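Read through the structures below before going on.
Look at the two complexes coming up: chain A is in both, with chain B in one and chain C in the other.
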Partner chain A sequence: MAAFDLSLRAERAHLWQDRVFIAVAWSLGLLGFVLPVSIVVFLFYRGAGAISLDLLWQSPRGFPLGASGGIRPAIEGSLALVILGLAVSLPLAVGGAVYLTEYSASDRLRRAASFCAECLAGVPAIIYGLFGYSFLVVFLQMRISLLAGGITLGLVMLPIILIGAYEALRAVEEKYRETGLALGVSRIYVFRRNIWPKARAGVLAAVVLAAGHAFGSAAPVLLTASVVMSKGGLDLSSPVMTLPTHLYYLVSEASSLEQAYATALILVLLLLAANFSVMRSKSRRQR
Partner chain B sequence: MDASTGISPPLNWRQSDRLAAARAALQTRAESAPIALSLYGVSTAYGERAVLKNVYCSFAEGAITAIVGPSGCGKSTLLRVLNRTLELVPQGRVLSGSVSFRGTALHQAGVHPAAIRKRIGLIHQRPVPFPMSILEDVLFGARYHGLLGASPPLEYARSYLEQVGLWSEVKDRLRDRAERLSGGQQQRLCLARTLANQPEVILMDEPCSSLDPAATQQIEELILSLKPRYSIVIVTHNLAQARRIADRAIFMLDGEIIEQGPAEEIFTSPRLELTRDFVSGRIG
Partner chain C sequence: MTVSGAAGNFSARVSSWRSSLAVSEESLQETVARFSFLFLLIAALGTLVVVLLMVAREAYPVLFSRSGLWGLLITESWEPLSEPAQLGVRHAWISTLAVTTIALSLAVPLGFGIGIFIAEIAPAAIKEALQPCLELLAGIPSVVYGFFGYVTLVPWFETSFEMATGESLLAAGLILAVMIVPFVASTSAEALGAVPGDVKEAALALGVNRCWMTTRVLVRHAAPGMFAAVALGLGRALGETLAVLMLAGNSVALPASPLDRGQPITALIITELGEAGVGSPKQEALFAAALVLMVVIVAVNTLIGRLKRRMLHGRV
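The block that comes next holds the complex of A and B.
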């Protein structure tokens, strides 16, 4: 007689556990794949018909407004807001992350700063909007304007970039800092030549994530920057149209559902394009 | 233990007499050699944990000094005190004492750690190739310190890659990433990078512990070839290696220096029983 039970019988229960686990993992993974794809496919199905050069190049027209014409001022406004927001948040967030990982010797400060950043990232977008409205628009008398909206979006992006950049910089192993500094060079030199090349892709990914988030959110700009209609042209002290708020008006006023789907499709395509270009530049660098 | 140390055959007595004479000669020569680095009562800690305890020792100019001792005895810490890289380790600090490098106190105000690290290079246990090409890696510190002068970067790098015997292996792939080299090649690259920094003293922290025997032999030959131009301090837990290359040896235990002197003496006829137990493999 064998001293051990080598038959599959003893393993059968484990085999079943494995099968169940694999089935659950697969179906959840599939769901994660099907959901975004079906959203894009659905938007294509409903909105592709309304996409034309006129939509991209003209201002909204018709009655109710937006029933015909294009969304060019909204695209311009959204892009301008995000660029302005990046101009505010990028130096602050990346600079802060570099300080925390490369210079700060205090573990307590690091923990406190990342805790605050995580809290900020968890604040609902409409709260940012209300803050921007009461502080920038009313108190600092910026009025509803590109500038006020851009700064508000900058605040929305700040914690996301800070956290992402901090994690990316922290992921660079300590040996690159220590070995570099052991050659008697400055911290900034080690950062520029050893740390940044290793962290760049991660920082960029955080920036794109934040910019995409800001580009698509209506709440922060609803009260600080956006109007229902502008003739185009960008001016820091004037309000602008934005894609997400335009979409919101189109749907809530039932102006034109077709136009709304086309607007949503363009919003999503712009976000996908930004993500893809970053992924491509990332994989090119790794090769 | 007593039995084995107390009884020796007569033949060995005569041999050890001759050795003692030779040793005495060696010792005078070594002891009268100028001193590059010395520690006076240095104590260090990581956070609250004391590591070095009131250490006094010295390192001769133009010699290879091996620091030996069991793991965790403070060998690497001692090395890191010598070029002020200890303060790069989280919570690492010198509690008391002073280190003198050719008469200058390293930890006094007005001495910048970067200036010391440039003059006293450190080779780490595991090679750390930087995220750049082989060529740029060699020039990393030299470029910063402005050592290239008028010489073309390629020629400058070449002379140091030749010194470590790496030139013929990498001359056709200087633009390749340094990470692609094998372990032994990476360690020689790191050595070339440190040499290109034009240091006066080279510290090595178990430079062969992650290498195979062939690569180890290459590094050992390299270290011996560097001896005429640099003062070298090497931490190793490989006693055979220390015996092969060192002129002087320091034996450490629990953050204290037990015995120091000419390598020959430490390894063949140490004065203290503790050292004898260690070099004969009874502790460690």
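The block that comes next holds the complex of A and C.
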């Protein structure tokens, strides 16, 4: 009887342990929902009121600067930097990935290169910013400029795109390569007609991800390209405003919290839109 | 041999000659393509290596400076305006260490919990909704996190702890924790999901509950991957710039408690680089600090690579 009692008690403890475990797991999972949603809702709640067409279309005004007016030069500057960066990094990264998956016969090279790229993707953006500052801005005398910032952001994106494109190309099944090559056509032909159409969406997703990362990163831009205020109008050799650095200046110089909320919200919404489009294309591919 | 036979033979030969010509043309095109792709790969990786070498080149004179590496890291404080200038970054690396420790000690349990939830507990529909949420969390830029902390945590600290300014290592660490949770969570979920099903079934068949099965069996099997998740979070936290710049308080005093203000290495660099003369000892010290940070991060990444490989081999 006593033994039976004991086993019953053990069983109950067992059951309770399981219940507590599952409850804790659910509440942590719930936190995973609540954190991102509450941050976005908070920004929306405080910033949506300040968003207007004027904000999107006008230059900053007021005193201290940015206290009123718009953020148009910042949006333009951010876009220009990212596009310039893509022009630098896209051919290198995608070309390199194509060599690794389509041409390289050495598994060792492939492993070494992807390890290298992963390490470089882990190097913080500020290190690339330091390079941009000492080499591009000072040594090549580009000064603080759109060109220097664009190249620096290109370097930030390079390893991310390389890894993403490599994974996307590798995800195409080997049989498509083998059948093509068995028919005697060249590797470039196999790549163009068999591999690229299947990998394109994945490569694009990696590019958008990297571009979003660069769009929101302020540290390398602070060191190579940004100014508190520009009149708008883009010129490769002159500095630009960007959304993230504008937000930083607004906060650090305590210009206007209202404008800061609006800037942060626009920045997040633009990135969300980019991420969302990638996710949609990804889920469509999976179906 | 008939005439037509000879002609047929001839035309066959011509066509074979032609096709061999075509092959050699093709292979020329092929060679061009191969080498241009190889060139792009070398250019890509080469550029990145040059970046790191350039940073090292700017930093190395510190080794031969008056105070040397020891002075930079341990004995000197940061007083660039005093005579002679003191260019030590100990306050910065101690701040970085403090902020990272706070962030990891919160983000690791949280991230592991979410990872276990995704891999084991969550129904498929919830899993599918949770993953984009985590991606969203990972996609919010650092400067927005910094701003978010600045308008929520900082005033809250000021009122509830009666601090003169709410900017502190603790505030920076808390926000940093939120920033690295998605990385820890998704990497650990991936590691747990990679544990083969028969291990799980064997455990459940012995009659243990899910708690026991997860903590004693799954987590042990996924241990290298879980460790990689922590290392990934660590690498992120060490290199994070804008959020800690805006929240840690940017003070060059040596921090004594988490509620003190501090200045992590990244914040120090952003704050001081603009005022450092080109080639000045100050600039060299900043680059050296960055180099130390980078070496640590690359070491952490190497560790991740090792662990990932072991995770894959463990599975096969």
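Details
By our rule, the second predicted complex is superposed on the first by the 247 of 287 C-alpha atoms of A that agree within 3 Å, B and C clash if a C-alpha of one lies under 4 Å from a C-alpha of the other, contacts with A are read in each partner's own complex, and residues count from 1 in each chain.
Keep in mind that, in the parts below, a contact is a pair of C-beta atoms (placed from the backbone, for glycine too) under 8 Å apart; a residue touches a chain by one contact, two chains touch by 3 or more.
Just so you know, these numbers come straight off a predicted model, no measurement behind them.
Legend: residue contacts after superposition of the two complexes on their common chain; A:175 is shown touching chain B, with no touch to chain C. Once chain A of one complex is fitted onto chain A of the other, the partner contacts of A:183 are limited to chain B, with no touch recorded for chain C.
By the touch criterion defined above, A:240 lies against neither chain B nor chain C after alignment on the C-alpha atoms of chain A. By the touch criterion stated above, A:135 is placed in contact with chain C alone, chain B being left untouched. In the superposition on chain A, A:266 makes contact with neither chain B nor chain C. Chain A has more of its residues touched by C than by the other of chain B and chain C. Looking at the shared chain after the overlay, A:194 reaches chain B, while chain C stays out of its contact range. Across the superposed pair, chain B and chain C both touch chain A at residues 186. On the chain B side of its complex with chain A, the touching residues are 83, 85, 88-89, 113-119, 121-122, 124, 126, 128, 130-132, 140-141, 144-145, 190, 193-194, 197.
Across the complex, chain C is touched by residues 14-15, 17-18, 20-22, 24-26, 28-29, 31-33, 35-37, 39-40, 42-43, 46, 91-100, 102-103, 113, 115-120, 122-128, 130-131, 133-135, 138, 155, 158-159, 162, 186-188, 212, 215-219, 222-223, 244-245, 247-248, 251-252, 257, 260-261, 264, 267-268, 271-272, 275, 279 of chain A. Contacts from chain A toward chain B in the complex involve residues 175-186, 189, 193-194, 197-198.
Chain C makes touch with chain A in their complex at residues 26-27, 29-30, 33-34, 36-45, 47-48, 51-52, 54-55, 58, 110, 113-114, 116-118, 120-122, 126, 129-130, 132-137, 139-144, 146-148, 150-152, 178, 181, 185, 209-212, 214, 235, 238-242, 245-246, 266, 269-270, 273, 278, 283, 286-287, 290, 293-294, 297-298, 300-302, 304-305.
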